[in-house]
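The structures considered in this document are given below.
Two complexes, one shared chain (chain A), two partners (chain B, chain C).
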Partner chain A sequence: MRLAGIHHGAGGACWLLVAPLLGLVIALYAWPVAEILWLGFSDPEPGLQNYEKLFTRTALAKILWTTLRICTITTLLSVTIGYLIAYTMVHLGARERSWMLTLVLISFWVSVLVRAFAWLTLLGRNGPVNAALAAGGLIDEPVAFVRNELGVLIGMTHYMIPYAVLPLLANMQGIDRRIMDASHNLGAGAATTFTRIYLPLTTPGVVAASLLVFVISLGFYVTPALLGGGRVLMVAEYVSVQVLVTVQWGVASMLATLLLAGVFGLMYVLSRFMRLGDVFGARA
Partner chain B sequence: MQDGTFFKELAEQGVRDYRSGRLDRRSFLALCAVAGAAPLAVSMGDAEAAANEIVMWNWGGDAVKCHTDAFGGPFAGDTGMKFKVDTSGPLQGKVKEMVDSGNVTADVADADAFDAIALGKSGHLEAIDYSIVDKSQVLEGFAWEHGVSIIFYGYAFMYDTGKFKDDPPSTWADFFDTAKYPGKRSLYKWANGAIEAALLADGVAGDAVYPIDLDRALAKIRSIKPDTYYWGSGAEAQQMIIDAEVSMGMVWLNRAKNVEADTGGRFRLNMNEAIAMPGAYIVPKGNPAGRENVMKFIASCQTPERQIALLECHGMTPSNPKAFGMIPDALQRFAVTSEENLSRVVLNDPVWWAENGGETVNRYLEAIG
Partner chain C sequence: MRIERLSKRFGDFTAVSEVDLHVRRGEFLTLLGPSGSGKTTLLMMIAGFVEPTSGDLRLDGRSIRSLLPEKREFGMVFQGYALFPHMTVRRNVAYPLEIRKRPRHAVRERVDEMLALVQLEDFADRLPHQLSGGQQQRVALARALSFGPRVLLLDEPLGALDKKLRGEMQVQLKHLHRRIGTTFVYVTHDQEEALSMSDRVAIMNHGAKVQVGSPEALYERPATTFAAGFLGRSNFLRGIVTGRRGGCATYAVAGREYRQEDPERRLQPGAGVTLALRPEKLEVAPARPDGVDGAGSVGAGNAGPNRLAGVVGDVTYLGSTLSVSVTTDGAGTLIAEVRPRDGPGVAEPGHNVCLEWMPDAAVIVDDMQSPA
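Showing the complex of A and B:
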C-alpha cells in the first residue's frame, strides 16, 4: 500500500498522531528501564565498580558463559525440531494441520513450573523412564537425565519448540509450492530442491525463530533452577538473587544491561545482512 | 499516574493526621480541595480500611491458613481489626523496594532475623516498640531493635531408613560421609544452614561455628558436590525426598512431619545438630495500619496458646519460653525449642548473617555452580 501523501506532506502530523502513545511508552517503559539500568553505575556508589566485578568476580564470567552455551544449544535444538514439525504441518491436510497446531498450542499454554516438575517426575532417578530402561535391561544405574545441564536443555527445548514452530509455520505457509514443482520439472532431485530452493526460502523463518528462541532463552529462570539441580546457574536467576536476596542491585543492573546490550547487538548484526522487517513479517 | 498516587497519599496522610489530631479541620478540608474530591472519597475509604486492618506479608501456602487461624483470627476477636495476608514472600530486596517506592502495603512481615538487622540498619524498618511488645516473652537474645522473634524454624536432614536401618546417620559428619552412607544428598541453595552444617561436619564445635570460616565451609560443601542437589523451595526439597532421589536430604524443619507421613515413615528426621533459625516479625517503615496497631498485633502473637496453635498448624516452633512446656508430646521431636531439642540444636547468629549474608550467598553459589 502506498500512502505517498502522508509520507511527503505530513511527516510532522504523523509524529503528532503517535506522540501520545510514544509519550506513554517513554513514561511507563523506557524511563523506568533507564532508571534501573542506571543503578549499575550508581549503586552502591557512583562509578564503574559493578562493571569491574565482571573481571574480578570469577563466577560472573562462568555464569555468562553457561547462559550463552545453554541458550545456543537450546536454539539449535528447538529450531531444528520446530522446523521438522512445521514442515510436516504444511504438508499435511488442513484437518491434521489444525490438530497438530492444537497440540503445539496446548504445550505452549502449560505453565513452566508444571512442565519442570513433570520432567523431574518423568526423568528422575526413580521415574518411569529410568524404570522402563532398567526393566528392559538397557541400564544398570539410573541415567541422570535431570538435575544437571542435560535436564535444563531438555526442559528449555521442550518449552521453546512452539516458539520456533509458529514463525516457521507462518513462513512456510507463504511459500508457493509451484516453485518446488518447477524445480522438479527442471530435473532437480528432492535433496537439491530442498537445499537450493526450500531452505533458502525459509531462511527468514529460521532466523526469526532462532532470534525469538534465543532472546527468550536468555531470560530463563524457573526451568534451569528446577531442572539444573541448583548447579546450573544462568544469568536471570543470578540477577534475581542479587535483587531479592543479597540486595546488590548494582550488580543485577549491570548484568541486565549486558543482556539488553547483547540482544540489541544481535539485532544489529542481523540487520546488517537481512531486513528485520521481513523476518518479523512486516510488509511494506 | 504519578500525580494520582501523590494526591492519594497526601489525602491518606491527611486522613491519618486529622484523626490523630495532628491536622486541624480547616487544613484538612483545604487539603481535600487540593487533592480533589473524587480521589479523596476513595482515599478516605482506603485510609480508613488501612487503619482498621493488619496486612501480614508471608510466604503463602499453608502459612495463609495457619497465620489467619493462629494469629489473625484471635487478634480480630480481641480488637475488631481485620487480618489480611500478602503471600508474595518478604525477601530483603522486596522489603527494600516496597519502602523505597513509598507505596507500603504491608504492616508486618514474617522475615528472617538477619533481614531485621540488615534492613533496620539501612533504615527500612520501624523500630519495635518494647513498651507494647514484651521482651520477656521471647527467648533471651532474640529480640532486636527492628524485629522480634515470634517463631523459630530451621534446617535438619532426613534420611532413608530403608538404606540405613542398622547404623542410622545422626550427625552432619555422617551426612557428608558419602563413602559410609552412599547415595545422593540435598542442600539448601541459598547457603543458610548448609554453611553451618558443613562446618559441624568438618569438626567445628557447635558453639564455635561463628564467626564462620567461609573457605573451610565451602571446601567441605565442594567435597560432596558431585553427589549433591540443591533446592530453592520447600516443594523441591520435599520432592527430592518423596521420590527417593536422595538418601539424605536437608529440609525445612516445619515440613519434616509431613514428609515422614508422606513417605510412610521411610524417611526420618534427625534433629541432632539441627540449625535453628530465628524468624523475625518486622514492620516496613510507614506501614499503613500505623505503628501502634501493628505493635499490638505483634504482641498478640507472643501469646503462648497462639504460638502453640501455629506450631500445630504450620510446624513453626514457639519463641516464647512460656510456650516451650506446652508443646504437645507428638510434636516434641519436631520442635526446635522443645526440651529434648533445645540443647542439641545450633542457634543461627543473625548478626553475622546480616553483615556477611550477601557475600556468603554469592560465594556459595559460585562454589556449587
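Showing the complex of A and C:
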C-alpha cells in the first residue's frame, strides 16, 4: 500500500512537470481550434444554418464528393505503388536499399510547389511528354494531362508515394523472412504464399499507409489548385476561398469541422480493428 | 538421399565445400559443427532455399537439385520456428494440408492427430505469440510433419529453449522419431544434443565434412583432433614414433617412451603422431617413490599402463566427477576426470601424482591444428 501510494504520488508529480507544456498546447492550439470550430455554429448568427447549406447548396456537396473521390483514388494509387517500392526495397541488398531510400526521401523533401510546377512543365500541351508521344506517332493531338482531375491525381499520387512507402517499409522490414521460407517449404507456391501469408502480415502497414495518405490528401491545397487549373475544387481550397475571398467564416469552419470529424471517425473505426500503436509502429 | 560433392561459395568465401553424405531412410542424422562450419548452409541447400554452386542432391536416385523448395516435400523446423503469426495453432498445422487441397474433414482429422502427437490439443485455438517457446517448437514440429514429408529438416530447433526444457525436448524428439519413422536431418552446434539423439552424426568444420559415424564410434574413435576436441573433451599427446613392441607402437614425448596399441600398424617409426586421450581414460595415482615414468615399469610386460608424472593444478567438482588438471613435465597440462571418491588424498592441488592410461586408451588422430 505504501509503495502504491508513493507511486501514485510520483504520477501526480509527473503531471505537474508536463503541466506547463500542456497549458501551452491548450492555450495556443486547442483553444483557437475550438474557437474556429465554434464559428461554424455561431457565424454569421448562432444556429445550424451553415450545416444546412450542405444539403441545400449542390456546389458544396459536389466539392465534398470530388474531395472524397480524389483522395480515395490517390490513396489506392500511392499505396499500391508504395507497396511495390517498399517490397522491392526490402528484397534488395543493404546498399541498394539505402540508395532507394535516399531517392524516396529526396522526393519527400522537394517543395510541393516546385513539384506541381515541374509536372505542369512536363505534362503541359507543349511539354516533353506530349512532344515525345507525338514524335513517336502515338498521338495526333496533345493529351490533356494537366489542368484537370487527371493532373491532380498524378501530382497528388506523386507527392503521397513516400508517405505510403515509409510505413510499409517499416512493416515489411519487421517480417521474418523465414516465415515465407516456411510457407514454401510446406508446399505453397509464390502466389499462395503472397496472398495467404505476406499480404495478411503486411495488412497493418497497408492500413497505416492508407490512413496516412488519405488523411493528408484531404487537406491538399496547392497541388489541386495548380494542376487542376481551377477546374478541380477540393475542400481545402474552398475553405481558403471562403476565408480569404468571400469572408464566410461560418461555412469555412463548418467544412473544417467536417474534415476533422472525418479524420477522427476514420481513426475510431480503425481502432476497433487494430491497436493504433501497432499501426504506427509505436512500441510500449 | 545422397549428397554428392555439394559446394556453396559466396564470392570468395566457401561456405560448404565438396560434401558427400548419404542420408539413410528413416535415420536420425545430425550435422554437428561450430557456428560458421557450413552446417546450416548445407541444410538450406537440402531444403532448396540456397542454390548449390556445384555438386548434386539425389533423392531415391533422382536429382532434386533444381527442384523448387515447395516441390521437395521436405518438412522443416526453422530456427525461431517461423510460425505464421496471424494464424491459430490449428490453422498453422492445417496450412500444408490446405495447400495440398486435402478434403476438409481429412484436414481436421489429421490436424487433431498431429496436435495429439505433440500434446497441444488444448492450445489449438491460440495464436503463436500466446504460447511458450517449447509449445511453439512443438507447433512447428506438428506443422512440418502434418503432410507426411519425405524428410524432416531441423535447424537448431532447441536453440532458444532453456537447458531443462531442451533436455525434455531431446527425449520427446527422439521418441517422435522412433514413432513416426521419418528421416530426420538435424542441425546443431550442441554436442550433447548430437550424442543423445542421433543414429549418426556428421561433424563439420570450415565447410567440410570431418567425420561421420554413430555417436559411440565418433566418441570412442575420433579421426581428427577437431572431432576429438569438439565431441566431448580430449587431451592430445604429440610425439615421435620410435618402434614397435608386439601389437603396440612405441612413441616418445619429451624424451620418454609410451606404448600405443596399433594392430593395424598405422604408426611408422620416425613419423610424428598425435593421440587423443579422453579425460575419463586417465587414472590419477599417487606419485611413485621410484619415480618410474614412461611405458610400463620394468617387468610389467605389455599389459602395464603408461605412466606420466605431474603436479595437480586445479580440481573442479562436477558433481558425479572431479576434473583434475595435471601439469606434466614435457607433455603439457592434461585433464583427468575421476570419481570424487578417488580424489581425496591424491588429487589435491599441489600434490605430485602419476597419470596412468592403458595402451589402448588413446586414439590415433589426424592433427587438424593447422587446417589446409
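By our rule, the second predicted complex is superposed on the first by the 266 of 284 C-alpha atoms of A that agree within 3 Å, B and C clash if a C-alpha of one lies under 4 Å from a C-alpha of the other, contacts with A are read in each partner's own complex, and residues count from 1 in each chain.
The definition used in the following text is that contacts are C-beta pairs under 8 Å (C-beta built on N, C-alpha and C of every residue); 3 or more make two chains touch, one makes a residue touch a chain.
These figures come from a predicted structure and were not determined experimentally.
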*Taking chain A as the common reference for superposition, should the pair chain B and chain C be classed as clashing or as fitting?*
fit
_Quick check for you: in the superposed arrangement, does A:120 touch first (chain B), second (chain C), both or neither?_
first
*Now for A:236: first (chain B), second (chain C), both, or neither, which partner does it touch?*
neither
*Once the structures are superposed on A, label A:169 by its partner contacts, choosing first (chain B), second (chain C), both or neither.*
neither
*Mind working out whether A:89 is in touch with chain B, chain C, both or neither, as first, second, both or neither?*
neither
*Give one of first, second, both or neither to describe whether A:255 is in contact with chain B, with chain C, with both, or with none.*
neither
_Centroid geometry (CA): angle chain B/chain A/chain C, rounded to a multiple of 10 degrees_ = 150
*asked:* I want to verify the contact counts: of chain B and chain C, which reaches more residues of chain A?
replied: B
*Identify the partner contact of A:181: answer first if only chain B is touched, second if only chain C is, both if each is, neither if none is.*
second
*Note down the smallest distance between any C-alpha of chain B and any C-alpha of chain C in the overlay, whole angstrom.*
47
*Across the two complexes, what residues of chain A are contacted by chain B and by chain C?*
none
*chain A - residues contacting chain C, complex*: 176, 178-179, 181-189, 192, 196-197, 200-201
*Can you list the chain B residues touching chain A in their complex?*
1, 91-94, 96, 118, 184, 189-190, 225, 229-232, 236, 239, 243-245, 357-359, 361-362, 365-366, 368-369
*How about chain A: which of its residues touch chain B in the complex?*
27-28, 57-59, 62-63, 66, 117, 120-121, 124-127, 147, 225-226, 229-233, 238, 241, 243-249
_Taking the touch rule as given, give the residues of chain C at its contact with chain A in the complex, in rising order._
47-49, 68-70, 72-76, 78-80, 82-86, 95-96, 99-100, 143-144, 147
